[in-house]
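Listed next: structures, encoded as structure tokens.
In the two complexes that follow, chain A is the common piece, with chain B as its partner first and chain C second.
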Partner chain A sequence: MNKLIVASREVAVPGDLIAEGMNFVAGKNTYRKDEKIYSNRLGLVDVRGSVIKVIPLSGRYMPQKEDLIIGEVKEVGFNSWQVDIGAPFTANLYMSEGTTTYIRKDEDLSRYFNVGDKLIGRIISCTSTGSLQITCKGPGLKKIKGGLIIKINPNKVPRAIGKKGSMITMIKELTNTEIIVGQNGWVWINGDAMDILKAKKAIELIDKKGHVKGLTDAIKNMLEKDSRIKPVK
Partner chain B sequence: MKNYDKKFIIDLYENGGRLTERKNKDSYREIIIQEPVSVNAEGSARVKIGKTEVIVGVKLNTAEPYQDTPDEGVMMVTAEFSPIADPEFEPGPPKEEAIELARVVDRTIRESHAIDTKKLCIKKGEKVWRVFIDIYIINNDGNLIDASVLGAMAALKKAKIPKLDKDGNVLFKEHTKKNVPLNATPTACTIFKLDNVLLIDAEKREEELIDARITLGCFGEYVHSMQKGGKGAFTPEEFNKCVKLAIKKNKELQKILSKF
Partner chain C sequence: MVYAKRFDGRKFDELRKIEAEVGIIPNADGSARFKIGKTEAIVGVYGPKEMHPKFLQNPRKGTLRCKYDMISFSVNDRARPGPSRRSQELGLVIASALEPVCLLNDFPKLIVDVFIEIPQADAGTRCAAICAASMALADAGIPMKDLVAAVAVGKIGDKICLDINKEEEDYDGPGGATDIPIAYSPVENKLTLLQLDGKIKGEDLTKAVEMGIKGAKKIYEIQKIALKKKYKVDEILGKKI
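Coming up: the complex of A and B.
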């Protein structure tokens, strides 16, 4: 008795019965009760083989270990920085994780990161009690200089990146910009001012219509239509 | 954060662009005026400038006139910043920004003598019409002053005077065919200064960074009222530029208002 009740890519609300039978596996945002699988969130059902998960339509970013994030420094402490990453709790960037250079005793930490500075970091640990540690040491992790940061729905991040980065690579090539998408939904775009504006428009479209099929082509058309720069082949 | 955004916005402006899409760098975002929105108000309008959304209601009641102007009607403007509009707005008594907004709208309308107050007199020294203009911010994405003045004038234009019964009490549900007597339809244009750049219709992200702003209330070729805000200052050259720009932009706003 294995039956799929809600088809793939259809909307499910919390408590909705999605499937029956032990052949299915309850994935993210779903739970199993006896032989039945129910939804935990409002979102689109995604069935991949026997794994069922629900992709939420909205909601705040829930931090996970190893996530690449973009954050803003909110507070400079005497041995750490407090960083806002759009999660339910603020992240802690410890002194030794902030920079590779040697920090002398009694040195002013705002020399490295000041209030309002933005950074690309990675989560090293997070617990359910609210302790959230990030690092700024590693390849690609740095303080952000210039460019523009926009915020999108964190649930649309996989769509903004695309399969193996297909979507983001396409936007980068067509607009001639540098883009980094944090898992928390903060997107950093760098390049010429007008190119940034174009990339911003494309990413905002993903945020707005992320659940629609054939989005990649729509964005490609949009960017090629008002593009001064021809894609580099 | 502020420095990054500031540099980017100035860079963008010098290249001829703004954060949201508009016709050109010196034009307003899309303006939508809707009316009526309130059943119980004598006149009401909803104004959208981009994502900024304001509802204005006009209510009329009888009152005793002030002693120095026994034959003139009274006008009052109030503004409410509801918490739904912006995470930074808090419930409670009106804050500085709300009072400033109400007073700027009041000044724009009053100083251009937009409402013909003499025609609002019912009986000299005893009874006149009192016009309440209530502004409710539904969504804040910057440039609230321009939107509020536009909304107030649109609501005033459509407001009908209610009927009176034999004893002179107001019958609120019934309206006469008379409009609120208007002499002019002024509008306000706010110019925001960011370093050396003068911006029109700043959105919230730009408004947070500004050094100074100046609001000019105009009708036709004339400037009737002014309000400056922010910590920075304008140079005389910049100020002259502001006046020219504001008169030009106000004419565009008045054109939108006259169509409606």
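Coming up: the complex of A and C.
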């Protein structure tokens, strides 16, 4: 008696019966009660072989180790910066992780990052008790200059990136912009003003309708149609 | 005079008309509106976020905090705005009705804030609030074992009635009126809230609870449909799919 009740790629709500029988394995965001597997979050059901999981559609960003993030400096301390990354706790960027240059004794740290500066960083460690360490040293990690930052639902980030970066590469090529998508849902777009707006439109569409099949083609059509219209100089 | 027919002509086990909607507040993490008859509840959920003041933080699991508020024009006599003894108690009652289904172990030191507003009241506001709050919590992506559906059962005169309205609540004929709000989780098959205001016999209470569970199951299906409706997309960029 092994039966799948909610099909793959369909929306499940908490308490929805997804499958019956012991041949299925309850994966992430699901739980087993006797012979039945229930969802415990609002999301899309994903069945891979016998493993059933639910990909959430909503919820705040929960930091994880090694995540690439975009943040904003909120506070400059004596030996660290406090960075808002959209997580429940503010992240700590320690002095030695902020920059590769040598920082002299008693130097003012606002020379490197001041309040309001945006940066691309990576999470070094995070604990459930609220300690959150990030770094800004490494390939691709830097202070952000220029461009536009938009915030999307962090659960739509995998969709915005696509399989092996297919979606984001396509948007980058068709709009001629530079785009970095942080796992926390903050997206940095850099390039020409008109191009930025075009890329912004595409990313906002992913945020709104990211759970729909065939989105890549729709966005491709939209961007190709748009590129025919030349901006007025 | 015995209470033989309901004031609004409903059957004794009939619910009022229900409207449910999810995602009505763009700035909230999750939100819902639940209307049953003339009673309406609007809920916004914010979080999980860091809890302040810090000494209230629970280092083992997250906290669920509900704030219940009746808007001053929600009842015929103007309700005095601001927190009252009643609204504080209801906030705690609603939180305890929702906590058994919420899985807050992943959110130590954090808080999930639930703000409940009642723009229109016609009895059963706490039940409408629980229904709306459980939908809003699911919309906010809080892990939950199940949704909670709630309904008020009453004994009016000698009849047990489902989903009583204000007119029935104020009934003062022979037998009087008894109000029993019930919150029920179908998967767990457990009551998360059972209150009683008035007088009722033991056997009648069992009957009333059974009737309440039947009604709650109907509400539960409506809640599920409302949540799924938010993610139903018919077209992208004018193209039907």
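Heads up, the rule we're going with is that the second predicted complex is superposed on the first by the 225 of 233 C-alpha atoms of A that agree within 3 Å, B and C clash if a C-alpha of one lies under 4 Å from a C-alpha of the other, contacts with A are read in each partner's own complex, and residues count from 1 in each chain.
Note that contacts are C-beta pairs under 8 Å (C-beta built on N, C-alpha and C of every residue); 3 or more make two chains touch, one makes a residue touch a chain.
Predicted, not measured: the structure shown is a model, and the values here were computed from it.
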Comparison of chain B and chain C by chain A residues contacted: C
Touched partner set for A:211, first chain B, second chain C, both or neither: second
Chain B versus chain C as contact partner of A:201, first or second or both or neither: first
Which of chain B and chain C A:222 touches, first, second, both or neither: second
First (chain B), second (chain C), both or neither touched by A:13: second
Touching partner for A:42 - first (chain B), second (chain C), both, neither: second
First, second, both or neither for A:149, with chain B first and chain C second: first
Residues of chain A that lie at the interface with chain B and also at the interface with chain C: none
Chain B contact footprint on chain A (complex, rising order): 72, 116-118, 144-149, 192-194, 196-197, 200-201
Residue ranges of chain B touching chain A (in the complex, touch as defined): 1-5, 7-8, 11-12, 14-17, 19, 21
Residues of chain C defined as touching chain A within the complex: 29-30, 47-50, 59, 101, 103, 106-110, 138-147, 185-187, 223-224, 227-228, 231-233, 236-237, 239, 241
Residue ranges of chain A in contact with chain C within the complex: 11, 13-17, 29, 31, 33, 38, 40-42, 56-60, 62, 88-89, 128-130, 155, 205, 209, 211-215, 218, 221-222
